[in-house]
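The structure under discussion is supplied below as structure tokens; questions concerning it will follow.
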Amino acid sequence: MSSISGRLLQTFLSYGVRILLLLLVVSIIAFALVCLSPVDPIQQYILGVGSVSAEQREELEDYWGVNDAPVERYMNWLTALLHGDFGVSLLYRRPVLDIIGERFLNSIALMFSSWLLSGVIGFTLGCLMGMYRERMTDRILKKICYILSSIPTFWLGLILLLVFSVYLKWFPIGFSSPIGITSSEVSLWQRLYHLALPAITLSLMSFSQIALHTRQKLIDVMESDYVLFARSRGESRFTVLRRHGLRNIVLPALTLQFASFAELFGGSVIAENVFSYPGLGSAVSAAGLNSDVPLLLGITIFSTLFVCIGNMIANLLYGVVDPQIREAQS
Amino acid sequence: MTKYINRRVLVIILTVLIAVVVASAFLASIFISDSDVEPDFSNTQLPPSLEHPFGTDWLGRDLFLRTLKGLSTSLTVGVIASVISAVAAILIGVASAVGSKFIDSVITWLIDLIMGVPHTVLIILISFACGRGLKGLLVGIAVTHWTSLARLIRGEVLQLRTQQYIAVSRRLGKSSGWILVNHLLPHLVPQFIVGLILLFPHAILHEASISFLGYGLPPEQPAIGIILAESTKYLSAGIWWPAVFPGLLLVVIVLLIDRLGENLRILIDPYSAHE
Amino acid sequence: MKEPLLEVVDLSVSFKMYDSLLERKELKVISDLSLTLYPNEVLAVAGSSGSGKSLLASAILGLLPPHAKIGGKMYYQGRRLTPALQKELRGSQLALVPQSISYLDPLMKIGKQVDGHKKPHPASDRIKLFEHLGLPKGTEKLYPFQLSGGMARRVLVSTAILSSANIIIADEPTPGMSLEQSIEALSMFRQMADSGKAVILITHDIDLAFQFADRIAVFYAGTTVETASSEDFRTGPSALRHPYSKALWNALPQNGFVPLPGFQPYAGDLPQGCPFSPRCPMSTPECQKTMPPTQKIRGGEVRCIYAT
């Protein structure tokens, strides 16, 4: 047993190193891209605060290191980063890390609920499609999946907003909490109420992939030799699904779900913008539009970390759950 | 299997439909002069009618014509971006498969890297680096979209290289170039075309999303994403037509092209393709 | 004469296919196959690999893929074998012994898998049987991929022994085995038959089949061309009725290794009339007209108009 946990730790460490390396390269590329930009952050900053004196301007230039070589600027930025200083957001006038922390909570609520929702719905529908392959249920659900995967997230969000918020007035138009109330006063119910529509949008966008994947896996399982044998021993189709189907398709589905963090985050950027939901996604697009370089870089690094953790979990899961890999290691 | 015969017919129907939509979008963009989509303040926010099938927007511009023009812009961006990334994918995929182990691991790592950053974030970053505008949009979409096709091509080439007829050709003294042209390309060209067609809907969807966020094309350009972004301002007032029709048209064209690509893929390789 | 346990009358199995010219085509894999199975016997269905014999097992069990078309009639103890009856009999009266480890769920431990979903027998039975079959202790805790080939074969056979089934269909249980292993496997089926069950042994190994089987049905191009007692096969061509059976006998190593020229036709392009006629030394234009009917000659059944 201890050898398994030891090996797990080892894999964990090797992933850690790989993630750090990846983050380092991403930080270099992101920084280089920002340096390439013709947009002058100081000019943007000045536009934000109004007029500044020449002295103040110089001070700012000094602070931003505009006159330093890019490599030097990068090193300064990275050093600060490693000390936990992500800089101050130009847009929100607050430390980037604070903003990320606060908004990540909102985003994770949105992403987790839609992740769970799309996973459960997608998996269930995938099983249904696989069991009733080429029957009416399957044909209709398959078409729905194809159509959903051709709809841009933001448009689906707009339509849901139009139907459920504007016409039916079931849900609010935006924001994660009612306006004019401090965040401590917001009840869980109110949060959920504001979360619902963006979460539904996001899960509608992502469940078709998991549903189609599960469908195919289940069909492969149902056509496998071992299911033929199980059936020959008197197992009904549903017993087969319970005893063999789930066992063999849950793991690939779970892996796919964890490996889809990149799409999840990308989707949340769009959904948060449509629903004016104050999460990381709306912050990153605002940062880009308003040339808020520290925030843009911070969220880039953070979202990369998020995706990498998902991928790592997906890979580790495979090692833990698949007996073939697990027993081979021990 | 049972739909095999229908599939070819389906592909032909899809191709024709796509050709009609694409041709009308481009013809519209050529023949509709800018004056036809000029602001007309006496006719703002009219609901759909015979005269204005999609209604008019907040400046009184006809949304049908604007959507058609927007579609031609979106299609152009989509075509250019997906051609760039498909060409990059085939070059990188082949290089990864036939090159040295070092090149292969660098490329594999590069793919992991690009897959590791959420695409929307990366496109925002690239778009920012290019000072927004069309260039940033094109580069951003091209950079983020080549990876899966490159992986596919790499796998295909690696698999082809183990085939006996390749080994036989080598024994017969054929050069690598000869093998590439006579044995590899005939397999890769269909893969490339299908890959390109399947990249295209993704590219358009990303283009629309990013334009919607306010990156990419300038606001006065009639791109679908921009029309839809404008529509959000009037959504709460119950003005639904600027949000519904342009999006619907986009969904239809994306769906058609996606189905065409998938069906072609199954026709080319019925065994490995999922239904 | 004993009551037959299972009767298969004019069974045909076909698949709808599309060939490259996009023409719909019916691919007849099994055509007009008849056989009768009695208690206490091992009936070998012998024919070359890839001739669709395995589909016979699926057809009897009622587990053909949904796009298969099935014709003819089957009877179990005189009762018409309908899909409903097949469902009832699967696992209780009909048992399959599959050919390889791929028939075991890769993610389920052997013990749970052998016990099955209804656990018709106490776990102690399984433990006793595993011991009897020489499976090492702890086998029940292993996953299929951890079994050796020999262990996997015994595990697969154990499922049939533990079931109370009285018809056991063994689908190619011997390929990839050494002679000793094959003999061991076939002895297990012999013992089952001797204890009152009936075994259908689907195999391409005609040589081994006539050592262990009571009767042999020779399978050619989707149908049985001759059903004869093993005794006839041990005697040789003089006792056999169909030219293909004779050719098979002559092709055995110990009988001169005389190869039969030509190939077995693919299910898609069977010749008109007798499927063996293109390769038959006795073929006449008469043979190419219709499929020869089954006739009883000297206690065996044969499909050849010139059989003696």
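Labels A, B and C are assigned to the chains in the order they are written; within every chain, residues are numbered from 1.
One rule holds for everything that comes next: contacts are C-beta pairs under 8 Å (C-beta built on N, C-alpha and C of every residue); 3 or more make two chains touch, one makes a residue touch a chain.
Owing to the predicted nature of the structure, the values given are computational and were not obtained by experimental measurement.
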Original post:
Farthest chain from subunit A, comparing Cα centres?
Top reply: C
Subject >> A-B or A-C, whichever has more C-beta pairs in contact >> reply: A-B
Original post:
For subunit B and subunit C, what's the span in angstrom between their mean Cα positions?
Top reply: 53
Subject >> Gap in Å, rounded to a whole number, between the CA centres of subunit B and subunit A >> reply: 22
Original post:
If you average the CA atoms of subunit A and of subunit C, how many Å lie between those two points?
Top reply: 54
Original post:
Where does subunit B touch two or more other chains at once, residue-wise?
Top reply: 2
**OP:** List, in ascending order, every residue of subunit A touching at least 2 other chains.
**Re:** none
Subject >> Interface residues, subunit C side, partner subunit A - complex >> reply: 58, 61, 63, 65, 87, 90-92, 94-96, 98, 100, 102-108, 116-118, 143, 145-146, 159, 163
Original post:
Okay, in this complex, where on subunit B does subunit A touch?
Top reply: 2, 112-113, 115-122, 124-131, 201, 205, 208-209, 212-215, 225, 228, 231-232, 235-236, 238, 240, 243-244, 247, 250-251, 254-255, 258-259, 274-275
**OP:** Would you pull the subunit A residues touching subunit B in the complex into a rising list?
**Re:** 22, 25-26, 29-30, 33-34, 36-39, 134, 146-147, 149-155, 158-159, 161-162, 165-167, 173, 212, 216, 262-263, 265-267, 269-270, 273-274, 281, 284-285, 288-289, 291, 296, 299-300, 303-304, 307-308, 311
Subject >> subunit C-touching residues of subunit A, taken from the complex the two chains share >> reply: 223-226, 228-236, 239, 243-244, 247-248, 322-324, 327
